[in-house]
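In the part that follows, the structures are each spelled out as structure tokens.
Each of the two complexes below includes chain A, the first together with chain B, the second together with chain C.
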Partner chain A sequence: MGRVIDRDELGRLSAGSRVFAIGTEESAYRLTLDWAHSVIGSGVELVTAGEADPGTLCVSITLVGSTTALGEQLPAGDEPARAVRALERRLGERAGAVVALNLAAENALVPLIAAAQLGVPLIDGDGTGRVFPLVEQTTYALGGLSPAPLALAGGSGELVLLETPGDRVEELLRPVVLSFGGWGVAACYPMTAGELARVVVPGTVSLLLRAGAPGAPRSAAAPYGVRTLCRGRILAVEGSTGHGADLALPSLPSSIVVQESAGLRRLVRLEAHNEIVLALADGAPVAMAPDQICMISTEGGMVVDVDKAEPGLEVEVMVVRAAPVWHTDRGQALGGLRAFGLPL
Partner chain B sequence: MILGVALVRPTPVLVAVGDGVPEWPVGRAAARSARRACVAVDLSGLPTAPVAAIRVGGPCPEVLRPRVGSGAATIVRGGHSLTGRALAPLDTEAVRRFAAGCGLADFAVTATGSPMLADHELAVAAIVSAEVPGARITLSYEFGTPGLREREESAIRNAALGAEAGRIVDEAARELPGVPVYFARTGSGVVSASYFRRYPLTCDLGGAASLARGRVALPGVPHEVAAAYGAAIGRPEARVERIVQARGRAELDRVLQDARDEALTRVVSAGALPGSARIAETTVNPLSYLPDGLYRVRVTAEGTVP
Partner chain C sequence: MGGVRAAGWEAPITVAELVNAGPLAGARMYGTGEVQVRQVRIVDELSVLGQVTPHTAVVLIGAAAGGGWAVEMAMRRAWEQAAACVIAPSGGLSAGSGEVLAERLGITLIFVDEDPLIVAVRIASAASRPEAARTQLVARCATRLAEAGPSARRVLGVLNAELPGTSVTFLDRYGRHVAGARPTDRPGVERPGQDRPDLDRPGAERPGQAGPDRSGVERAGVEEAGGRVAVREAGGRSLEGEQPPLRAAAGEPPVAASDGATTDEDGRSHEARGERAAGRGEGGASRGGRGAGARWSAEVEVLDQEGGVLGTLVAVGSSRSPGWPAAVRTVLNLAVAPLTAWAARERLRASRDFALQQALAERLLAEAEAEAEAAPGTGTEHGTGPEPGAGAAPGTTAEDGTGAETEARAETGAGTEAATGAEAGAGTGAGAGGPAKAGSKARMEGGARVEAVALGWPVEGELTGYHVRPTAEAADSPLARTLITAALGQVPVLPRGEGWAGWSALDPGELAARLARGVRSMPWPCVAGVGARVEGLRSVGESLLGAEAAAFVAAPGTVARADRMGPAELLGALPTGVLRTPAAVVLRPLLAVDKDGTLLETLAAVLDEGGALKAAERLGVHRNTVTTRLERVKSVGFDLDDAATRLALQLACHVLLR
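For the complex of A and B:
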């Protein structure tokens, strides 16, 4: 028997979900949390994939696009339910549970909102164990499952159903998201609970509930370990103009240079593409994707996103180890450096 | 001589600053001969007016609707996406009905996408002015920050403070006839009385900011003296925050120039001598997960006083 995520637990889940969350936006986070509070009612049941009937249809829920856009263009409120219902119509079957694609801030809360709206349980786990920018970069895909058919609901009543080979989802999705105004809620990776049990990164919702408890150490939010690369001050942030590189990624590359404050006073260079994918200390690679590299503000303790990095900011650079499946050859191909256009 | 004023109860504290040296107390005649007066005041706890909030955008969950306390609020169709596309034509009739029927004079207008394109906020302002003579209207795009709810909250608070800010300005003008009066901003710098009247929120924590500056410069003096002194050493400053879309370097340079021009215009209206206005800082950050060259731009301009 699972546990129930009620209002109190929601507070812990949301706090835990921000510990290493990148690409989040205060405004979008606050509105998603308020939204979740308003729909959670008596709570959402949390079950493991193994506890659900193996034949149960599970769908993965995620916010797609820009959280800045979500903070500006508010949801109508029915997007998660509308996306799931569209997928159900296509499949001719009701969803019996929802599962997160990843658990970074808003993306931990939107599946919970979907579960509350649909009256189904939330699966304890997610499809990354960390966050990747593409819908295809999941342990579900590594396990051979397709994100499609995928239903995307927008804030102005839009609904699009994508039916395509799995490796073309991102390419088709991006212009649709843009035409929606910059964000949408996707219901994707339809699969049975039996399949999900095989491919899910298990237990990560419970993990964040523990990590969000008052006084819990930051490391509690890292299922496979975390280390500090350096503490220092940002010296420079350099943006690229894109130089025409043919990369299937929704942003331009940039570099952040951090001067270590003590010890060897190394120059740590962070190469970013939406997120930091490679860290070089005095020129030598010291951390890289698929592990997650993030900057934590020394002052506020919050994650500093690449697009908010400013010279002078004091940060701690931390490396969150990815789930073991990401360190296999197939995992490296999908979520390693090459996937970010850095053939190191 | 520059007069620093800490607007505290029951009696304001006046400090005369000449050549950087503070003197207090200051007599009325001396105060009235000041070259200018700079006021440090915190606006928290001041009386606020009920606000009529107009949000331009789509329907949303109840919990995300505008929060106005004792005022009135409505959501009308319209607004733009961050990519600049119109979400819906502005429902001008709904704006007219609400403005005519709400019975309030302090309006806060927040349109979806206004940091990118403020057309609908400007159109709402025109309708409200026509319907409600003498209405005080705050447009959220003047505060710039993305995040509709936060910007709306700022606009509503600015509108709520408008009447009291006007009263403070009028009183200062009565007490110090002929003396140009400035108000300390939250953070750093000062703005002119007319700017404060229109954008009091800019000075929400002006007292605390002045105190922090004053205590560094004059350790050991009474709090109110430090706050008055801290205000007196401020220079006019104004900020502009926008989201812009630019394909390529040349277009980005052009939109940045527009933002800088606006910041320069704004710092002059905040009391800077036109010839002294200059750009202090420009920050440009690309927005993640949004292609096609969308940037968050923040420009700070500063200047000197006559």
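For the complex of A and C:
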């Protein structure tokens, strides 16, 4: 039988969710945490995909858009529930559990809010084992499931239901999110618990609960291993080119040059496109997507966002190994370097 | 054009040559560029780099040049393939990280502004016909040298500008710097990283999958730390490592190869190189400090118009290209004719200039003397005299025009010089009359003294004479004058006896100190003297005599001061070598009977000690023995009671026994 995530556990989950999370906005994160506190009540039951009845309808919940926008345009509070209800209406079936799309910061908490609002359990696992910028970049999609139909609820009562081939979801979703005011809560990847058990990256919620416990090592948040690429100082942050021009990613490519402070004193170049997708040491590739590459500030121990990187900052560059499914050919195609436009 | 076809001329062109003097001129290069370029490969996709062969210039286009990351990866892979260099369009990679990586990997990175495809075509042409590229360089240098004309500074400017990566210096025959790059300039001349084998840095990354060429270059790098001679050969061999045996002939240390192929004059300069490199003293040492990169040098002797050695053009560089030193030698040879012309012109001007200044100084002395004779004790008038004279000076020069100032001065000087004899003669001849005094004063104001002021010579106040005397033969008066004025500032330099004399406003102590430095800088062994301090030009003659006397007293290489001279110094100044023969003649009657020298010794002891008693003590014999010996001395005809005889005998003994 699963465990219950109560207020105490919520604190740990939120702490654990930030260990390797990029792109988090402090105010949005605080807000989401407060939101979760207000709805959690006596707690949410955490079950594994295998424990649920295989026929149970599971819905994946994620925040879509800009977290900054979330901090500026506050949610009404009922967005997760409205999105799930809309999907239920389309499917003619009640959702029996919710599952996270990914577990980075706010995205770890929004599914919990949905579960609390709907009174259903939260599945212990997620669809990435890390974060990817696109809704399609999930292990669910790798398992042959479609994100659509997808219901998107906005902060001003908007509700949009998308029904489209899976590979067009992102394209349609983005302008809708923009017109919503920058963010929305999506309910997507409807599937049975049986299907979910096959495609989920399992146990990641309880992993973050452990990683968020006081005194837990950082590596506790990395289920498939983490390594330090280098410690060094950022020499330069440059705009970058050469990423496929037709690629539609939310941000522009940039390049961060880090000089290793000790050891080989290598010149490490972090090629970023929404996130760091490639690390070169003296011109040789040493880490790349689908593994997650992130910079941790030496001073504060916090993850440094690509757009917050500035020359002079001392950072530790860490590589979080992605779930094995991402290292398959199909996984590489969906979340590897080429998915980010780098022709390697 | 035999020199043009020196050995090494057809050797494959190096990356540095492409950038320094070839089709990539003006491109930004990071790294040493020492690797030869045999072919070009255009790379539009990183995967192509796997097929690149050693000594290939990799030109990145399209996706392969599409971003900093792509260029960095291309550099890495090119390095693994032992490519010659990576050429990327500007802007693809920030210069900073490109430079760092080029240095770390030891591969040369070049940014070009032009279309990389056009660049690639040009490199391909230069790589396939290296001699054509070098001929182009020589042609350009010839044109620029012709434009520069006979000026050492401009000629060396052209050489250093057209032969970047190579430091060219013109040294005179004493090895002193005349023009061009100074040893201290070298850091600027050399390219960054050239003399810093990356082995020196801790942690330089050396992955195992090094290309075939890698180990060779690295070995050379290690040997570089050992010594320069070894370095050059190691560098040459490492290049040959993977080459077919046919190349071995071209792979000799490049300079030696080209020397062997040219005339005997060149052969001589080659032989001299070893000792030159070893014995260049300070310059050599300082070069040695940075010298890990100085892998070759080329020297060309420049002869003056009489066929003597004027100096040497020395080019130093660290390029490993076998062809580059040959090209440099050819260009250096082009510079010989303008340098010879320059030297001839300068020498003419200097000697004329020197003669002029010498005449002026003589006139000053003569006039001052005449004046002193004419009006003894009119010192105060001299104090006021020069004021209007000095005021008139600018007028004089302005009149002569602004163009060639030296020329103008020379002409005026020549004119006055011719007149001097007559005028001075007239002045002295007029005797002690009032009008003569006025006349001489007017002459002083408008003539010699004004010129002296213009030259910066001291003509008033407290003056001190000096005298420099070479102790071996020395003919180069212009050089002596240059060195003396370099040490003392603007002072007159007159030939006096075998040496040079003049005066300065410095006090004797300072003058002696500076003169000591000047004497050390002379290419010949010299001594010098400083006279007493006197008031005004009228008394300088006195000081000069003192200086000359002091110079006689000075020990080799030192400076003596007349105001510090006592009996010991006077005695020391005796020209014992000259007096030895007369002394022997004077003492001949004594020496004839003095078989074992005891009589001479006894005579000296008696004269030195002032009596037989003390002499006996000094000699350690009985007084009667001394008396007996003195009797024998008297018996050959010396009257020891005569004071003059005693002095003469004592001098003779001193000279003979010293």
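Everything below uses one rule, namely that the second predicted complex is superposed on the first by the 339 of 344 C-alpha atoms of A that agree within 3 Å, B and C clash if a C-alpha of one lies under 4 Å from a C-alpha of the other, contacts with A are read in each partner's own complex, and residues count from 1 in each chain.
We take it that a residue touches a chain if its C-beta (ideal position, glycine included) is under 8 Å from a C-beta of that chain, and two chains touch if they have at least 3 such contacts.
Bear in mind that the values here come from a model prediction, so they are computed numbers and not experimental data.
Enquirer: Return fit or clash for chain B versus chain C, each positioned on chain A through the superposition.
Expert: Result for chain B and chain C: fit.
Enquirer: Once chain A of both complexes is superposed, is A:D282 in touch with chain B (first), chain C (second), both, or neither?
Expert: A:D282 contacts chain C only, not chain B.
Enquirer: Which partner chains sit in contact with A:E299 here, chain B, chain C, both or neither? Use first/second/both/neither.
Expert: A:E299 contacts neither chain B nor chain C.
Enquirer: Touching A:D34, do we find chain B (first), chain C (second), both, or neither?
Expert: After superposing on A, A:D34 lies in contact with chain B but is clear of chain C.
Enquirer: See if chain A has more residues touched by chain B or by chain C, and give me that chain.
Expert: Answer, by number of touched residues of chain A: B.
Enquirer: Examine A:A69 and indicate which partner it touches, taking first as chain B and second as chain C; both and neither are also allowed.
Expert: Only chain B; A:A69 stays clear of chain C.
Enquirer: Looking at the overlay, what does A:D329 touch: chain B (first), chain C (second), both, or neither?
Expert: Touch status of A:D329: no partner.
Enquirer: How wide is the angle at chain A between chain B and chain C, using CA centres, rounded to the nearest 10°?
Expert: Superposed on A, the angle at chain A reads 70 degrees.
Enquirer: Per the contact definition in the header, classify A:S156: touching chain B only (first), chain C only (second), both, or neither.
Expert: first
Enquirer: Looking at the superposed set of three chains, what is the minimum CA distance between chain B and chain C in Å?
Expert: 17
Enquirer: Can you give me the overlap between the chain B contact set and the chain C contact set on chain A?
Expert: On chain A, the overlap between the chain B and chain C contacts is residues 241.
Enquirer: With touch defined as at the start, can you tell me which chain A residues reach chain B in the complex?
Expert: These residues of chain A touch chain B: 23, 25-28, 30-31, 34-35, 37-39, 65-69, 71-77, 133, 155-156, 174, 178, 180-182, 239, 241, 250-252, 254, 274, 305-308, 310.
Enquirer: Going by the contact rule set out above, which residues of chain B touch chain A in the complex?
Expert: Listed in rising order, the residues of chain B that touch chain A are 57-64, 79, 81-83, 85, 87-88, 112-113, 115, 146-150, 248-249, 283, 285-292, 296.
Enquirer: Please give the residue numbers of chain A that touch chain C in the complex, ascending.
Expert: Touching chain C: residues 235-236, 238, 240-243, 253, 255, 257, 259, 263-267, 269, 271, 278, 280, 282-285, 342-344 of chain A.
Enquirer: In their complex, what parts of chain C are in touch with chain A?
Expert: 45-46, 63, 66-70, 72-77, 79, 92, 94, 96-97, 100-101, 104-105, 201-205, 207
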